[in-house]
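Worksheet for the structure shown next.
Lettered A, B, C and D in written order, each chain numbered from 1.
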Amino acid sequence: MQPPGLIVAPLTPFTSDLTLNEAALQRQIDYVVRDCGATMVVAAGVETQEYTYLSLEQRKALVRRTIEFVDGRVPVMVGISHPSVKTAIELANDAEKLGATVVQLLAPLRPFAGQPTQSDLVAYFEAIGRETRLPIALYLNPGPGADVSIVDSIVLAKLPCVQLIKESSRDLARVSRLIVEIDRAGHAQYFTTMQMLLATLQLGGSGATMPPPASEIARHIIDAFMAKDIDRAAELQLQFALFPSKWMHRGLAPTMKAAMNLIGIPVGEPYPPYAPLSRDEMTGMAAVLKTTVLSARLSVTAAA
Amino acid sequence: MQPPGLIVAPLTPFTSDLTLNEAALQRQIDYVVRDCGATMVVAAGVETQEYTYLSLEQRKALVRRTIEFVDGRVPVMVGISHPSVKTAIELANDAEKLGATVVQLLAPLRPFAGQPTQSDLVAYFEAIGRETRLPIALYLNPGPGADVSIVDSIVLAKLPCVQLIKESSRDLARVSRLIVEIDRAGHAQYFTTMQMLLATLQLGGSGATMPPPASEIARHIIDAFMAKDIDRAAELQLQFALFPSKWMHRGLAPTMKAAMNLIGIPVGEPYPPYAPLSRDEMTGMAAVLKTTVLSARLSVTAAA
Amino acid sequence: MQPPGLIVAPLTPFTSDLTLNEAALQRQIDYVVRDCGATMVVAAGVETQEYTYLSLEQRKALVRRTIEFVDGRVPVMVGISHPSVKTAIELANDAEKLGATVVQLLAPLRPFAGQPTQSDLVAYFEAIGRETRLPIALYLNPGPGADVSIVDSIVLAKLPCVQLIKESSRDLARVSRLIVEIDRAGHAQYFTTMQMLLATLQLGGSGATMPPPASEIARHIIDAFMAKDIDRAAELQLQFALFPSKWMHRGLAPTMKAAMNLIGIPVGEPYPPYAPLSRDEMTGMAAVLKTTVLSARLSVTAAA
Amino acid sequence: MQPPGLIVAPLTPFTSDLTLNEAALQRQIDYVVRDCGATMVVAAGVETQEYTYLSLEQRKALVRRTIEFVDGRVPVMVGISHPSVKTAIELANDAEKLGATVVQLLAPLRPFAGQPTQSDLVAYFEAIGRETRLPIALYLNPGPGADVSIVDSIVLAKLPCVQLIKESSRDLARVSRLIVEIDRAGHAQYFTTMQMLLATLQLGGSGATMPPPASEIARHIIDAFMAKDIDRAAELQLQFALFPSKWMHRGLAPTMKAAMNLIGIPVGEPYPPYAPLSRDEMTGMAAVLKTTVLSARLSVTAAA
C-alpha cells in the first residue's frame, strides 16, 4: 500500500495590479513542499486557487511557474477544467509538455440547465482522455461542476483514463461507499477534503487535497496516523473543527489567504470583488490558530 | 467521561391488519438490549420507526409497550414530535408518567413555508421545555424537520432544557464543528448516525442513534474503540459503506426491516404504500451482510 | 365551460387560550362567501389554515363548524391530509357524513427520507380513494408534501378518484404544461395560487385557491376576466405583486391574518411560536393595501 | 410606452469540425430579424447559445459575425459573461467598438462556494460598469450564475449602469414583484422567458428573450397583445405549454436546434457530448409543432 497522499493546491497570490506575484508563489510552494510534505502539488486546479479569474495566457503562466517552482521535488497535477472542451485539451497538451503527472478535470455542468446524464459524462471524459497520455483526476464539486450520483461516479471511476478522484463533498455516507466501490476496488485513488482526512485514511481512502496552511495540519494528522498514534491523529483532526468552518461564509480562498498571512507566508488578498477578512475576523482566527500546530509560526509573526 | 452511547430505535413490526405486532416488538427489543448492548432505547422517536402512520392512541400504546419490554434494563427516550404543540406536551407528560428518561423533539418545519427563525425555534423549545421535567433531545433532520443552521443549532443546544442532540446529516464538516462547540463545550451530548460513528467517537462526540440490526455492527465498533483496537474499529466501520447505502432508494425503514428479516428476528414489512425489498434485493443484501458481523445470525437463518 | 373557481381557505382564528374562536370564524366565512364570492370553501385543508397545530378532535371540530357556518351556500372541500393513512380515511369518512363535496389530500412525504416513487403515490391515492365516495383534490405542495414531477402529476391526475388539483408552485412553465395535459385534457380541474390567477384563467385552468382577504382581490380579477375586461383584470392582478410577497419571510398565515385584522374582520394572531407582524410592518402593509380593492374596508377600519 | 421587446438569441450552428457555420448563422439571423420581428439580437449571451464551448477568439468571431449579419437592422446585445473580470471588460470594449447597444452580464457564482453577498454583487457590476459606456443587461440565471434574492435584484437594478434585466426563472410570484419594483418603478426594463411572455406583458414588463424558433411564436403573441386580441394571445401562449417542456430533459439547446431543423432552417447538432434528439423524439416534436404557428414551415420541410 502506498502512503497516504497529501495533494496541496497553493493559493494564487496577486500583486496590487492583479497579476501573479511570483515571489509570493515561490515562497508558498517551498512551504508546501518542505514544511507540509505535500506528495503532489496542484496547479490551477481548484476554484480556491482563483484561477477562474485569469485569462488563458495568465492561467498557462501560473501553471508553468508552479511547475518551475516545484522543480521536480514532487509530481504536479494540472487543472484543465474549462467550459470549452478544446481549451481543456489544449491545457492538457500544455501540461504534458511541461512535465505534469496528472490532469484534473471537473465533471462539467450542462451549460443549458439540468444535470448531464451518465452517457454525457462518459462521452466527455473519454473525449478528453483520448487527447492526452496523462491520467485524469475526476473532480467532483457540485456547484461549479455537476452533481454526480454515486452510481455515475463509480462508472466514471472505471474508465481507464480516470485514475484519481477529488471529492469535495463532506458527506461521509457517500464517501464511505465510494472508497469501497472505487478505491478499495482498485478503480481509482479516492481523495477527499481536510475535514474528512482521518476518516478517509481509516476507511482506506488515498488521502486528501487542500490549500495551505490546512496542509500543514494535515501533514501532522497523516504522520500520526502512519505512526499508529490514533489518539494524536484524532486530536489533530479536531483542529479542522472550527477552522475553516467559522469563516466559510467569506469563502475558502479569503479564509485560507488570511491564515497564510497570519502565519507569515503572505499571499495577498482575494481577487476582487471578494473582500479580505476584517481586522476583527483576523484576530478571531489568530486565536483559533493558536490552538493548532500552526501556533509556532503564528507567534513568530506576531512578534515581528 | 461517559462511555459512548448507542441509542437504538427499534423498528415497528405490523401485523397483517396493520396493528402493532407486540410479540415481534418484544423479541426485537430483547435483541437490541441484550445483543446490541443499547445504552438507551428510543420509543416512537424517528421516522424510520414508522410512528407517523399511527393514530395518537396507537402511538401511545407503542410507547407504553416499548417501555414495558425494555423493562428498566436501560433508559428509554420517547419521541414527542408532533405538529400540534399541545399534543407534543401531552406526549411528554405521558412519557414522564411512564418512566421515560428523555423526550426527543424534532426541530419543526414552519407549516406555512420557509424555515423557522432562531427566535421561533427558541420559543418553541422553551415552550415545550416548560411543560416537562424531562430533558429534551433536539432532533435535527431536515426534510421532516427544519434545516437548522450551525449557529442556530448551537443556540438551541445552550438552552437548559436541551441536553442531547440527534443529528441526521452525514456532513462531517458540520458535525466536527458542532461536536466541538456543543458536546466538548459541555452544552449537550451530540449523537450522530451509523455512517458517522467512528469519526464521531474519535472527535469526542457522545455516540450515535440508529435502528437494528445496524446497532449490532455499531456495538462491535464501540467495543473495539473502547479497547483501543482502532484498526478493528475502522474495519468494522467499513461494514456501513455498502449497507445500507445500496438500498437507500427504497428508504431506511424497508432496508432495515429486510435486514432484520434476514438475520432471523422478523419484524414484518413496511407500512403501505411502501413496498418490501424484492427477492433479488434480499439476495443481494444477504451477500453483503455475510461480510459483516451479522453473518453468524444469517447462516442460522439460511439453514432454518 | 364552468365559470372559474375561487376556492377559499379561511384562516383559523384562535382565542387567547389557543382554542377555536368560533364567532371570528363565522364572521370570516360570511365575508368569504358573501363578499369574496367563493365558489368553494376549504376546511382545514392547507397549512396556512394552521390546522397542523390542532389535536384530531379540535381539527374535526374546525371542519364541523366550517361546514355549519358555510351552511350550504357553497360546497365545502375538507382537508384529510394526515401522516397516518387510517386517520386520513377517518377524516374522509367524517367529511362525507358532514356533507363535504370533496376531500383534499397532500401528496405525502416519504417519512424515511427521499421522494416517494410513482407507484408509491398511486398506491397511496388509490388506497384512500377506495375508502371514500368523495372525489379527491390532489394537493401538490413540496416541503410539507412530496415534490411530484410533471410526469407523476399527470399519472395521478388520471386516477378516477382524483378530480381536482391544487398546485402550490408558482412555476409558470410547469403549470402551463399541467393545465394542458390535465385540465384541458379532461382528467382533473387544475387550481393554482393568487399570483398565478389571471395567467391560469387565460391558459384554461380552472381557477385558484387562497385565503382571505386575497380572495376579495381574486373575485375582482375573475369578474373582470369574465366580463372580458382584460386590462382591468391585469391591473387587478398586479395587486398581488407586492402583497403578500413583501411579508412572506414572516409566513403566509401571519401575513394574511395581519391583512384581515387591517380590513376590520379580525382573526387574531398566528399560533405560537410564530409572531404577528410588528406595528411597522402593519403600517407598511396598510399603505400597500390602500392601493388595492381592499382600500374601502381599510379606511373604515382606520376611522374606527 | 415602448412596444414590447422581443430579444432573440440565435443558436450557434457548428460545422462537422465544430467551428462556426457562418452560412447557417446568417440564414438564421435573417429568419430571426425578418420573420420573428426581433427587436434586439443577442450575440453569445446565453448558455443555450453554446458560447461557453468556444475559445475566446472563436467567441469574439461569433460576436463579430452576429453583428455583421444583423447589419444594423436592429440593435445587438453582446454577452460578456466570463469568470475572468478582465476578460469580461475586454469583451465589453470589443462590443463597444463593434457597435453593440448593450452588454449582457451574468450575476456571477462565487468561485469558492456559497452565494455572493449584495456588496460583492454591487462591487462586481460597478467595477465592470466603470469600464464601458454601454448599458448593462443584468442576467439572472441561477445555476450557471448566482441565485440573487428579490431584494438584491432590486438593489442591482437601481445601479445606473444596469438598464435591462433578463430573468430566467419562471416563478411568477418573483417576477410579478420585480416587474413592479424594477420595471414600473423606472429602474430597468424587465425581460423574462417564453413561458412567461403574456403574463409579463399584462403585468407591465418589457418583454422576453428566447432562442428561435420560439421567437416566431412569441412574435404572434406580442402582435395579438398589441392588437388587444387577448383571447388570441392566450391561445398562442398555450403553444409554449408542451413545447419546449416535453424535451427539456435533453436541454434547451438540443431542443431548439431540433425545432429549427424541423422547420427548414437547419442549425446543426448540439456541441458534443450532448446528443441531438432521436428520430422518435423528432417525430413527437413535429406532431406538437404542427399545432402551432410554425406548422406552415413544417409542412414545407416535410414535403422536401
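Throughout what follows, a contact is a pair of C-beta atoms (placed from the backbone, for glycine too) under 8 Å apart; a residue touches a chain by one contact, two chains touch by 3 or more.
All values derive from a computational prediction rather than experimental measurement.
In terms of their C-alpha centroids, the spacing between chain B and chain C amounts to 36 Å. Note: centroid distance chain A to chain C, computed from Cα atoms, is 50 Å. Counting only residues that touch two or more partner chains, chain A has none.
Judged by the touch criterion defined above, the protein chains form a single closed ring in which each chain touches exactly two others. Taken pair by pair, the chains that touch are A-B, A-D, B-C, C-D. On the chain C side of its complex with chain D, the touching residues are 150, 170-174, 176-177, 179-181, 193, 195-196, 198-199, 202-204, 230, 234, 237-238, 240-242, 245-246.
Contact residues on chain D toward chain A in their complex (touch as defined above): 18, 47-48, 50, 52-56, 83-87, 109-114, 116, 119-121, 123-124, 127, 143-144, 248-249, 251-254, 271-275.
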